[in-house]
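Take a look at the structures below.
Okay, so subunit A shows up in both of these, paired with subunit B first and subunit C after.
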Partner chain A sequence: MIVAERKPLEQIEAMAGDFEKILVVGCGTCVAVCMAGGEKEVELLAAQLRMKAKLDGRERVVDEITITRQCDTEYLDQLEKHIDRYDAVISAACGAGVQFLAGRFDDKIVLPALNTLFIGVAEGAGVWTQRCIACEDCILDQTGGICPMTICAKNLLNGPCGGTDHGKCEVDADNDCAWTLIYKKLEKLGRLDSMREIQPPKDFSVMAKPGKYTHAAFEAAQDEEEQSDG
Partner chain B sequence: MSQSNGNSTYEPKVIAYCCTYCAYTAGDLAGSMRLEYAPNVRVIKILCSGKIDALLLLRAFENGADAVYVAGCAVGDCHFLEGNLQAVQTVAHAKRLLAETGLEPERLEFFHIPASAGPLFAQRANEMTDRARELGPNPLRNAVQRNAGGKLPQPIDNGSSLPEAALGRLIRQEEREVVGTNRNETGVQS
Partner chain C sequence: MASAFRSAFSEKDFVVTAEIGPPKGTDIAQMIHHIDLIKDKVDALNVTDNQSSVMRIGSLAVCRLILDRGGEPILQLTCRDRNRLALQSELLSAAVLGVNNVLCLTGDYVSVGDHPQARPVFDLDSVQLLQTVGLLNDGTDLSGAELQGATNFFPGAVVTPEADPIEPQMIKFEKKIAAGAKFIQTQAIYDLENFKRFMEKAGRDGVKIMAGIVLLVSAGMARYMNKNVPGIFVPEELIDEMSTASKDDRIETGIRIAGRMIRQLREEKMCDGVHIMAIGKEERVPDILDAAA
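Moving on to the complex of A and B:
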């Protein structure tokens, strides 16, 4: 899932400025799981914004709504009947959600409440770690399910560098060496042979942004649509 | 804000979230022992201190409480194993949120009060009330409801207070501001 953190209140407050009617929109999917922008966090943020305004002696109305996802138009449609009443919208979604919301309601000021961090997993209570950099060419089959593109500081694809130090990384001794992890895992699986396979250089051109993907099942329909448009 | 620390009209409102098994029982014991403690403390019984939520704590301040504390079992004594330890974390987080908002984090505290500690219950109640007196009224109080006459700003049994899953439902500020019917008399604009 996408992991994000909430911006400091000071920063959100500076963005919210003198807007009197604010709608805080939460997102009930990834950022709800990482405790950054779900129903509860929206409630906390709205409470903080209200208290802040009262402490500063300013008039401010802060309403809240959390929708299932901000990256799907179906759910954004739910905001349509409310959004006109507000001067500004604070979106507690990842960067994608904020942009989609801002695009859907393009006459509204949409402000981000979160900093989007990475694609990751819940390591333990309240701890998330990055596990994927979306390289668009997955090689996890050959590396025992451990991603050298993410975990190795140098993105090495063919074994460790000379800086591996008893299983730790020379770049940051707090981090594990990806290739030590991979070696141990492949040893456990009895598949050390796959270490001998030479990986060709990574094709970074496929990572060109902005990425776009059409599901195969929709390609034909999309082509037809494009033709009829043209 | 017209009230100041030395003003004799200022009586702090202190909310105490007490766990059923230890702190609340200690409160009962304090009563049985005829111990006197500050009447400013409003005790709210919760099943376990681990049930406490940063939202409940923030909401108490938003609605004008001058100090809030959560009281749970001693370390290792929680009937749900580690509810009290979770409560310590929740309170620490809520303190950070308060500080970020601009309220003194000292207005919020967590105490371990074992069931056998009647005198400690009374001591903590006095301690928190004194602290609220030193800190002065919660600056949000004016904006909520001044001089509520010692009453809670809302009827106690005001329907369901449990949060419902409300994906896609707009929640207006009014719903969050749980104030009594005499709201407009206090000069708060809706």
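Moving on to the complex of A and C:
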């Protein structure tokens, strides 16, 4: 899932500035799980913004609403009937959600409440770790299910650098050396041969931004639609 | 033009290189003094590439300065600061400037240096960089395009004999040789028994191995490296030897230790040569060589 953290209140407050009517929109999927932008978090953020205005003696209405996902038009449509009442919208979604909301309601000022961190997993209570950089060419079959593009600070593909130190990384001694992990895993699986093969340079052309993907099942329909439009 | 450093391995049993670290800034008087002092006493001089991720004069410019003064340079090239276009371009530039030896390294991460906010590159890794040098030598580039004139590099790589765990390091070492490394300069070694065991594992088929010698200047430095530098192990006896030396005699003791190690490596034919890194004490490289005689 996408992992995010909420921006400091001062930063959100500075963005909110003099807007008198603000809608805080939560997102009920990834960022709700990582406790950054779900129902509870937007309730808290809205209360903090109201409180701040009150303490400053300013007029400010702050309402909140949480939709299932901000990365889907179907759910964004639910905001249609509310949004005109507000001067600004604060989106507590990941960067993708903020942009989709801003695009859907393109005459509104939409402000981000979160910093998007990474694609990751829930490592333990309250701890998430990055596991994928979306490189568009997965090689986890060759590395024992451990991603060197993500876990290795230098995204090395052919083994550890000289900075590996008792299984830890020179960049941060709290981090595991990806290649020590990969070696141990492949040894356990009896698949060390895949580490002995020289991996060619990564093809970064597939990572050209912005990414776009059409599911094969929809490609034909889309083509037809484009043709009839044309 | 062929590499004189490459020829040295067929002309003698024990080849010696030393390291030059370019300064930050344009005043090169001291570096030139060091180059002049050492160049005729060794077979080649390595020039570091923004060593420890600290921004300095580039390796290639200093390599050319060494050639101008009659020395034999080894271009150190890391994957940290350049993508595959820049790496290949740098190699072609080196070739036309007469620099024919290249040491291919991953490079330290940017966070250890003086511009920690910089974007690290690592488009290629050291194994892929070695393969790239091989392609350029064969007259094509990484995209498969034919070059208007090939290079003639003598490519080298590094290994850390004291890496823990050693197995993944050895797999990478073998890949570097398969990717075309013809010479290897090791991370600093201090325990010759450990080094012997490493050499048994490493083998010497088709590759020349030079042991890394870093001059000890104090017991504190040895302890610091043991604690903080991955892959360096200074045995307790050497730390004791350094700590019992009087303040005035510390560097001399370090020089004696380095000389003694080099002599033993040479006399017991443990490897094909040594690479001396005097880090900040380049002035004393001739004394280390005298102590090793």
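The working rule: the second predicted complex is superposed on the first by the 230 of 230 C-alpha atoms of A that agree within 3 Å, B and C clash if a C-alpha of one lies under 4 Å from a C-alpha of the other, contacts with A are read in each partner's own complex, and residues count from 1 in each chain.
Criterion: contacts are C-beta pairs under 8 Å (C-beta built on N, C-alpha and C of every residue); 3 or more make two chains touch, one makes a residue touch a chain.
Nothing here was measured: the structure is a model prediction, and the numbers come from that model.
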- [ ] May I ask you to decide whether A:G103 touches subunit B, subunit C, both, or neither, giving the answer as first, second, both or neither?
- [x] neither
TODO: May I ask you to decide whether A:Y75 touches subunit B, subunit C, both, or neither, giving the answer as first, second, both or neither?
DONE: first
Open item on the list: Output check: A:G145 vs subunit B and subunit C. Expected answer is one of first, second, both, neither. What do you get?
Closed with: neither
Task: Contacts of A:R196 with subunit B and subunit C, given as first, second, both or neither - done: second
Open item on the list: Which partner chains sit in contact with A:G17 here, subunit B, subunit C, both or neither? Use first/second/both/neither.
Closed with: neither
Open item on the list: Is A:D63 touching anything from subunit B or subunit C once the two structures are fitted on A? First, second, both or neither.
Closed with: first
TODO: For subunit A, give the residues common to its interface with subunit B and its interface with subunit C.
DONE: none
- [ ] Please give the residue numbers of subunit A that touch subunit B in the complex, ascending.
- [x] 8-10, 23, 28, 39-40, 43-44, 46-48, 50-52, 54-56, 59, 61-68, 75, 78, 82
- [ ] Provide the residue numbers of subunit A that touch subunit C in the complex, in ascending order.
- [x] 153-167, 170-171, 179-180, 182-183, 187, 192, 195-196, 198-202, 204
Open item on the list: Help me check something: in the complex, which residues belonging to subunit B touch subunit A?
Closed with: 53-55, 58-59, 61-62, 97, 100-103, 139-140, 143, 163, 165-173, 176, 189
TODO: Would you pull the subunit C residues touching subunit A in the complex into a rising list?
DONE: 79-80, 84, 106-109, 111-112, 120, 122-128, 131, 142, 158, 160, 163-165, 167-169, 171-172, 174-175, 178-179, 187, 230-231
